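Below you'll find the structure, written out as structure tokens, and then a few comments.
Each chain carries a letter (A, B, C and D) given by its place in the written order, and its residues are counted from 1.
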Amino acid sequence: MPIPAPNLHPTFNIVRLSHVELRVTDLEWSRGFYVDTLGLQITHEDHDTIYLRAMEERGHHSMILRRADVPSVGVLGFKVWEDEDLDRAEAWFKARDLPVAWIERPFMGRTLRTRDPWGIPLEFYATMDRLPTIHQQYKLYRGVKPLRIDHFNMFASDVDASVAFYGAMGFRLTEYTADEITGRTWAAWMHRKGGVHDVAFTNGTGPRLHHTAFWVPTPLNIIDLLDLMSTTGYLANIERGPGRHGISNAFFLYIRDNDGHRTEIYCSDYQTVDPDLEPIRWSLTDPQRQTLWGAAAPRSWFELGSTFDGADLRDSDLKSQPIIAP
Amino acid sequence: MPIPAPNLHPTFNIVRLSHVELRVTDLEWSRGFYVDTLGLQITHEDHDTIYLRAMEERGHHSMILRRADVPSVGVLGFKVWEDEDLDRAEAWFKARDLPVAWIERPFMGRTLRTRDPWGIPLEFYATMDRLPTIHQQYKLYRGVKPLRIDHFNMFASDVDASVAFYGAMGFRLTEYTADEITGRTWAAWMHRKGGVHDVAFTNGTGPRLHHTAFWVPTPLNIIDLLDLMSTTGYLANIERGPGRHGISNAFFLYIRDNDGHRTEIYCSDYQTVDPDLEPIRWSLTDPQRQTLWGAAAPRSWFELGSTFDGADLRDSDLKSQPIIAP
Amino acid sequence: MPIPAPNLHPTFNIVRLSHVELRVTDLEWSRGFYVDTLGLQITHEDHDTIYLRAMEERGHHSMILRRADVPSVGVLGFKVWEDEDLDRAEAWFKARDLPVAWIERPFMGRTLRTRDPWGIPLEFYATMDRLPTIHQQYKLYRGVKPLRIDHFNMFASDVDASVAFYGAMGFRLTEYTADEITGRTWAAWMHRKGGVHDVAFTNGTGPRLHHTAFWVPTPLNIIDLLDLMSTTGYLANIERGPGRHGISNAFFLYIRDNDGHRTEIYCSDYQTVDPDLEPIRWSLTDPQRQTLWGAAAPRSWFELGSTFDGADLRDSDLKSQPIIAP
Amino acid sequence: MPIPAPNLHPTFNIVRLSHVELRVTDLEWSRGFYVDTLGLQITHEDHDTIYLRAMEERGHHSMILRRADVPSVGVLGFKVWEDEDLDRAEAWFKARDLPVAWIERPFMGRTLRTRDPWGIPLEFYATMDRLPTIHQQYKLYRGVKPLRIDHFNMFASDVDASVAFYGAMGFRLTEYTADEITGRTWAAWMHRKGGVHDVAFTNGTGPRLHHTAFWVPTPLNIIDLLDLMSTTGYLANIERGPGRHGISNAFFLYIRDNDGHRTEIYCSDYQTVDPDLEPIRWSLTDPQRQTLWGAAAPRSWFELGSTFDGADLRDSDLKSQPIIAP
């Protein structure tokens, strides 16, 4: 499918991805994982939820851990430019026959709840409680020293359709994998905030969340996390890496919590603010797009993901691909 | 002076700073400095000019070295979102009685030439020749491994007025130094592209360019550059650093070429895309705003800068400040 | 087998490992690999040989590349404290019915040639030509910025016997893997110069050279090498890593040249000069001894090695081990 | 003065420097500084003393903090090869009319107490309590992640005489600063353990301890410490750095505790085990020997040091040197 031109004048202005709600079955274990080991900071905590932010974030939270009987992803959150963008978003989703609702969310202003056509729960807001800076309180840095949430990566049963939908919302393509045989897009990276991506889509049974990524200062922080996890009982939670992706040029590590929620720790992508930035095309037959240095990813990385609350799964019709993909 | 609210709907849309033209008296020496030592890549070279880009840039150039009898700064360049923004910019500058002209520039599309009220030569364009990516051609990385141009820092004789003018253009304040005694702004950092700054203003005889900054991957690249410069005849060109600024949280190094043009090598600022990002206020009496770790900057760093071609100098009336500032 | 007490008063005083001679079938290719890519410095070159040193070495060479029809390892070289140690070494090897000869070697003083009981060709010398320092000529640093040769790792058909033999020479054990079932030593790390090892032995068909290791400043240099190799045609020469060994705590990368000679790039072991340093015991059933972070090594890493010129191969009788070992 | 040949067969075998006793006036403050901030690990603590080790050390302690009314240095400790070396050391010091005594020290075996000719209190031992390894307990790493004690640096009123005395003990010279005018040695670096130094001497009023150094993994750990100290109330304790010494090629930071005891944080020297290693000569007129990158050290660094308990101060007769030295 030919790559669509970017929508440089979207109807409503999404600033960036904002937060994810992970439903977890053992909140205390998750606290040890995300707080004590990764190093996210608690901004609010009660019996059933923990709100977290990374070190340079001033919004109240970028991750919510919520106690649940079954693990799932509650919602993906996005921040818009101003309050009026929420109304424009409401109209935009309504026009596409997608469910919309104005909901109350703690620590957040007016919030629009909706779903994309595949059922991924989305919420948009313009204002969230702002907190004092902590990025120069170096005593608080722990674990991998996470600086900010960077992107969501999702399994999609029809990547071309996801690219078209999110592209219409104003997400701009930076890199993609083309399946030369079918002419279809195998995977795509799209951004709003000026990095390689806010959202990415990968061919597979979907919709599922492949991972949420956090940005860290240097590769050495990722090495520190590996040393820490492997000597404090989290060895089995290390899934893949460290390595460098061809796509995005990121130095990466993937870890999975005990509920199967995957986090990417990530540094070194590049700036993409130019509206005429040309998307980089990778061939599905080029293994370096995944790992520039050549090491294969484990099967789990290709197959496992987190389901979204309330979304039905659909298989991709591009199933006959080799395990090497995406 | 109270900090003005950000202009969230500027008349024309500046994407980012783009390029600087440095006029240099010994082009061969400058080649050795910027190309062989810093590691910028030549994209065009003729008898009188060298065009350079950093490793992740796809625009044709972010620095132009131009042979001249006297060193100066020829122009500061900015990229706008689309062609129509150039016409809107023309009207905006005209309405302020500032000179405008449509000029021809190699490798660039339609280009609007103007000056700010203090005479700083500015040019705006929407399209520049795009070049193939080289960010994964690791064989080409040299010197400090510069990734992209990051910002311009200028001496201004009236920082409050500069903040008001550039703020009206849509630059948003991220950090600033307040002079508690006079109530004036001593220095200010303003951005378009989502980092701490595209432009910054510091009180002093102006307009002069204090420095142009390039972004590098990690502090270790800066240490590598120091080792290289200090053992290849560039020891006297090291001016200040390495250190960390309180303001911007940047790990920095300042170097000066033989014409007095200053370059900052820089990493680790933070994301500023939120329209409701609160500017961070620093007191003029807090020395950690300059150097978090406490080491003083040399006198040259406070006093010396590059003049802009065709701009007359004006003293600041805030001259009675201690050398410790800005 | 119980671990023997260290020989704190060896008959002759070996200072450290010194150099390896690799016989290579395409000297020009090897030059591109070891010089242009790894970054070793040429100290002498003629039609059939290239002598190399790393950046902080002052001895004339730590690696010799020698043109040959068939790849093999010519010799492992060791430096002794003083000339008299060579005579003591001669007597020591003679007393064990091992072949000794005084040979001429370019750039080296009096040189004793011998073999260990399994046929590994060894040479000892007290003096080698000394070269001016280059460790502060930062312009010369390239590739992985190799600082010094660190150790030899060998496949041995009877590790306990190798440990006993090299231990008698004064090599002191720092870490080892014990096979709990047989009571045998599966692998052993032994040093003279105060790091984790100058020599190591791993159970397998032997004698073969598993790898020669070079020390580099930080893990980031290893990441740089991976980026360079994977984008300059050496992707297939990357074998394993990056990772951290449990044993030795080293951050490592393994690469293999086109003749199958393996090099480890290595940093972060620890100081071992104390004569009462207790060897660290690892169980053969603990996979973290190999990779602290859990990723498995590829089969090639366990099976492939370089033969020594003139040494016959013998299978280990500990063959029934799982591939996970050593 | 001509540099003396190294003593390759010293009477007794010193393995390495081992520990320092710092007498401090506010033990709780010192705990916060050395334990919580630097990251040394407590191995024993009582009302008046804290014993500390760094992360890869297995000996019981490398630093003792002892409560005192007046700050001073209690003793410099060294480990010898075996018990017999203590008797040989006793005879050696006795033969030079220096005081010797066998003393009891907690956690240590037989201990010889003596002084050098200038009164520096020294103690030698062969065995100290050995502790379990913690270098792979990554959860314990804090602050600058100190790995091991590296060296003592002392002010000496007659550096040539100190070099002769410690050289006779077997310390071997690696680098030195020559005063071309007087022919005297201005400063000298000497080792036993295979790095640039275990002890160093600098011209000045002596004997005083200039600093004790700890080795850390990479320059980034030093940057982390600077960030931490400058935001937790220790800004005034940062004295000099970060920078690179010409001599030793070390990346360094100097900090001083509230009692004036100075610690160097240090990485990247080089291996010096070769008995024929040629000392590197630096000229007193070359400022890069101190700081390769050119930044001057503050006056305090040249002038201040810790007195040794019971040692009388003597001025150097090389006092007319510029502040730039040593």
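Assume a contact is a pair of C-beta atoms (placed from the backbone, for glycine too) under 8 Å apart; a residue touches a chain by one contact, two chains touch by 3 or more.
For clarity, every value in this text was computed on a predicted model and none was experimentally measured.
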item	value
Chain separated most widely from chain A, comparing mean CA positions	D
Between the pairs C-D and B-C, the one where more C-beta pairs touch	C-D
Centre distance in Å when chain B and chain D are each reduced to the mean of their C-alpha atoms	44
Gap in Å, rounded to a whole number, between the CA centres of chain D and chain C	33
CA centroid of chain B to CA centroid of chain C, Å	50
Residues of chain A engaged with two or more neighbouring chains	136, 218-220, 227, 230-231, 292
Chain C to chain B touching residues, read off their complex	136-139, 218, 220, 224, 227-228, 230-232
Chain C-facing residues of chain D, complex	8, 15-16, 56, 58-59, 79, 81-82, 127, 130, 133, 135-136, 147-148, 193-194, 217-220, 246, 249, 268, 270-271, 273-278, 280, 292
Chain D to chain B touching residues, read off their complex	218-220, 223, 226-227, 229-231, 235-236, 238, 242, 244, 251, 288, 292-295
